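Chain naming follows the written order as A, B, C and D, and within any one chain the residues start at number 1.
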Amino acid sequence: MRTQPVMKFEERIAWCKEQLEDPTFPTLREFKGRNGTRAPIVGNFPVWAPQEIAHAAGALPVTIAGGGSSVEIDHADSRVQSFVCSISRSTLELGLRGYLDPIDAMVFTSICDVARNLGGVFKRNFPKIQTFYLHCPQNVSSPAAVDYFATELRRFRRAMEDFIGDGITDAAIARSVGVFNEHRTALADLYALRREHPEKISATESYLLLRASQLMPREEHTAILRSTFAELEARPTRRRDKIRVLIEGSFCEQPPWELIEAIEDAGCYIVDDDFLLGPRWYDTPVKLGEDPIRSMAEAYVKYSVTSSIRHYGDRPRADHFAHKLKENRVDGVIFCAAKFCEPALYDYVLLKDVADQAGIPHLSFEFEEKMGVFETLRTQVETFVESILLFAD
Amino acid sequence: MILKAEDLGYSSDVCGYVKNDIGLVANDMTGPFGKMAKPDLLVCTYSGCNTYIKWFEALAAHFNCPLYMFDVPFSRGPETHAADIRYMMSELKELIVLCEKITGKKYDEDKLKDILRRSREAEDLWVDILHSAKRTPSPFDAFFEAVFFMAPIYVLRGSQECVDYYRAAKAEIDARVVSGTCPIPEEKFRVVMEGPPPWPHFRTFWELFKTWGVVCVGSSYSKVGGIWDFGFRHDPERPLESLAEYSLECYTNYNLARRVEMLNRYMKEYNADALVIHSVKSCRAFSMGQADMREVFIHDLQVPTLFIESDLADPRYFSKAQLKNRIDAFFESLEHQRIVAGKTA
Amino acid sequence: MYVAGVDVGSTATKAIILDENQRIVGRGLTHTGANVIKAAERAFAQARADAKSDDYEIGFIVGTGYGRYKVPFGNTQITEIGCHGKGAHYLFPETRTILDIGGQDTKAIKISAQGEVSDFCMNDKCAAGTGRFLEASASVIGLTLDEIGDVSMRSSHPLRITNMCTVFVESEILSHLARGKKVEDVLRGVNNAIAGRSVALMRRVGLDDEITFTGGVSRNKGMVTAIEERLERRVNVSPDSQFIGAIGAALFAWERTQKKVGAS
Amino acid sequence: MISDETGKIIGRAHVATKIDLGGAAEKAVAEACRNAGIERSALAYVAATGYGRFQVEFRDLQITEMTCHAYGAHTVFPKTRSVLDIGAQNSRAMGVEANGRVRKFRMNDKCAAGAGRFMERVAKALEVELDQIGALSLKATDPTPISSICAVLAESEVINQVTEGKKVEDIICGAHYSITDRIIALLRQVGGEEEITLTGGVTKNMGMVKTLEDRLGKKVNVGPDAEFMGAIGAALLGLRRLQRVNAAAA
């Protein structure tokens, strides 16, 4: 982190991979060692946690998105059945193994039935971690939704204040929103680069960079991204004979990086995805008004990205998806849902019809964190690519 | 129906209950009970189940009709957040306006009050029936019978038929008490049941318990559409507010801690010997966390707990042989312990 | 007077005869095969022959195992969960946690100091991680069940096996071998994978000091080692480990003859 | 499979795959050359497919088995719009366009139930030879479906049925129905309406073909070369590719 030497791009990626494959959270342990109790670490289960407020409290907000393939589910099976997504099981496993010890609080939001109840399981199993549950309103067309969410956020603010034993000013929150906005802009630039020049940075590299961002201070990651762009521009590359695809369905649980690599190897440029990594939760950076809490609530209610884990009222998800297909000029869609992730599996049915109507071929499969063999998957993607490339006449 | 929905692309791993419905809708709205009408407005009130949201989104897309998402915040603790109630009341008011627009009729609060008054009456009777299971032997099976007894209070609540129904039901239970007839003639074990029944194999499932003389004295499934036995009633004097409160107080909308507390209360108040957790694959709203619940009961509360798995809608996940094996092993050891305890006592 | 227990498992059928002092005097083991009744009779006849008990009266017979209702000559039946608990308690009285890996299912059983089952968990939806899984692995590699234990112990770099499906694991193994990986490393990987699942199952009932490993798979030394490593402690394995269910059944039968427990 | 420049099949071979995938391919090609009566050096282009396609060192191109099976089926039965390939571990359903392109496909990647291995296991549990199950199944009068979805656990269920006195042919036929139902589910997901071609090892099992036809209520194509369909597709796609490469070079 702060002590890190300047790394070259490839080294950086290798470093990110190391972080990802070490389930004991070395960066967090280091942070804790350096800051002790002065700065708490506030973890959250993916998506829509008010990280800005934790940041304003001087905490390090991090996203805990499962244990990946490096942690065997050993203890968590006794708490959670096998028919739920792996992220919920492995996140619990991390806790039961003590890897989450550096974390002081954990935030869960109402993204799905599983996440909701996982909050309850956490609360019981880890009395040392303060568990916080936030209801993100689903009735976003109701005028009352923004008020309601702002109240929820204020509740969270109070909890954070209790934590640090001090007040959190609006100005501090506004400043934090600014920090996150900068990161959001940098992420948007990264995606724009991938869309226009997919040969410059592979989706695997971009993914690893983003995964690492979830466990480090925003400011630092923004700086890394900014310095990366110059390096990428200078990369000598040749565009290959690949198809442009979009990945949809892995917003919460994240696929193993090898899976993304397998898709790319099988002949795809992944030009966009719906991974809700980093604070990519809103369509645009949060528009700051007078009351920063209210601005955050508005961002969630009015312009958060369309994803399967929320209801969108009169801004239907299907239209948004159709637009995304066009904007990215894709040859194909890969629906890639976490196994047992109901929100993704339901939306697949709606979205595949959208792709059909747009005449865009699609492929779907489910993944698990613990996947180790990508052969079947590669075969499927290859077949998919062949069906587009070999018969393109 | 489930297969029909899977044809449409629904995964074999998502809620079978929903697939049943979607399959029915895709089947030109024709199910075993005849044809349903096409809706003008869909209202989704999803107490504690996000799957409902997805379900109604799919229905709305299918019918191409408006969908009102009545949002019910998840219940996080015994205390009610004022903000939750406020939010739901403003939703209800929006819904009133919407309905007025669609039906062209004015909202009539007196009529609602009447409905709630009748609801209340039915609720009182229903609670009496539930409480009757406190007797030993129990005149009423609070799971296998309750799942049928509970239907009117969910779908006909507020109507006079509903009140009449519960009056008759109550009379029947009272008669059972007098005559000493019980659903399980020789009551050997009293259990509390957590989780929904495997509908397609309901009879078989019941038989597996009946052979061991098991009566269910409490169950959580009979509370998915409202929990009244701890005192909540619809209040005609505060119509909208009590509707909002009602929505919060449904079993699936309870967080795990509250669920554990409620089951434990049943264990004690109904003098039960064991807890049976029936974990269904379909329904994560129920099943996510049940394994943790099992830990609480077995290890912390020292309650003998049987954990079995199948599904509430998809017959493919029901394996009689396996269930029988587990149920037999469990009651076999309970019985054995009783005998041993009886000897040493 | 003798008593007997017959454990009709999905894969193997076991029979045990005890004398009036609860000593094992006869054992029978046969493949269950297509005809459960025949298998039960075969195993029982073997045990009788082994006990040379042809002229003795067998006072009480308890059937257990998944085919327990098909033991035509049995007096009553008890689930294999109860029997494994009983049998393990008899051989290792200090045991509180039992792991039973049979041909088609894996069970973790918790017993009280008196040998009664107080909790159990099982994995029986799918043949993943059971004896069948090992059989399939052995057969793709071309080894017999008796060999795989020793071979796997030679491994120095166990591989990670990710597929738990008994059918798919075959192709995973083939692909490892095709890439030139060593047989022992593959087998060790298979053992580790099963051990991982089994330990997770045991954690559900709670891991206590003394653990006994029963069922046919406990005859595989490689599996025993894999589980011990995973748990970082030793587990009890009896030479009669595959018979423990049958022993338990026979003990129940003995109790019945002693009228210790009323008939059910 | 060896094809000449007009797309006519002139040589074929069939070798059982063991652990050494590359070696098996080598043997098969040598034998196919012998069968075609040509020198090995006369082969202009080799397209490899199937599970071990990357192990075929002398290949020019590798194509997945799905693309190949579909293309093979398309060449043999040009009106085919759906192809079912049921192998030992995987079942695949493919929707094919008029030019032989795979439009959509589905495979059973989660669980081995619903593939050929299921039948192998049932046959083994019943102690019947695999090549007899087809004929036996056709004699069934009262088929009993198998409810277990697991290829492995199905065995014990089969055993149970035997003890309950069910006839072997009825059990086999019931097992066929169970697989068929899973396969038809796959098929429906790719929209299996029009002409259907069945490929893969399971085509050797007439009982399976019949239950499939019963359940679908129509005939399905089973070519004499059903087992070679993948190789045919690979040969012809290879030819196409070669012609294109040559055209580009000219």
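Methods note: contacts are C-beta pairs under 8 Å (C-beta built on N, C-alpha and C of every residue); 3 or more make two chains touch, one makes a residue touch a chain.
Just so you know, these numbers come straight off a predicted model, no measurement behind them.
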item: Joint neighbours of chain D and chain C, given as chain labels; value: A, B
item: Chain pair with the higher count of C-beta pairs in contact (B-D, A-D); value: A-D
item: Distance between the centres, which are taken as Cα means, of chain D and chain A, whole angstrom; value: 40
item: Inter-chain centre distance, chain B versus chain D - centres from mean C-alpha coordinates, in Å; value: 47
item: Between chain A and chain B, centroid-to-centroid distance (C-alpha), Å; value: 35
item: Gap in Å, rounded to a whole number, between the CA centres of chain C and chain A; value: 45
item: Touching two or more other chains - residue numbers and ranges from chain C; value: 66, 125, 204
item: Multi-partner residues of chain A (at least 2 other chains); value: 77-78, 366
item: Multi-partner residues of chain D (at least 2 other chains); value: none
item: Category of the chain touch graph - line, ring, star, complete, other; value: complete
item: Contacting residues of chain D [partner chain C, same complex]; value: 19-21, 51-52, 55, 89, 111-112, 115, 117, 125-127, 150-153, 155-156, 158-160, 162-163
item: In the complex, chain A residues that touch chain D; value: 361, 365-366, 376-377, 379-380, 382-383, 386-387, 390-391
item: Chain B residues within the chain A interface of the complex; value: 8-11, 13-15, 18, 46, 48-51, 53-55, 57-58, 61, 68-71, 73-74, 76, 83-84, 86-87, 90-91, 94, 255-257, 279, 281, 284-285, 287-292, 295-296, 309
item: Complex contacts: residues of chain B adjacent to chain D; value: 3, 6-7, 9, 316, 319
item: Touching residues (chain side chain C, partner chain D) in the complex; value: 10, 32-37, 66-67, 70, 104, 125-127, 132, 165-168, 170-171, 174, 177-178
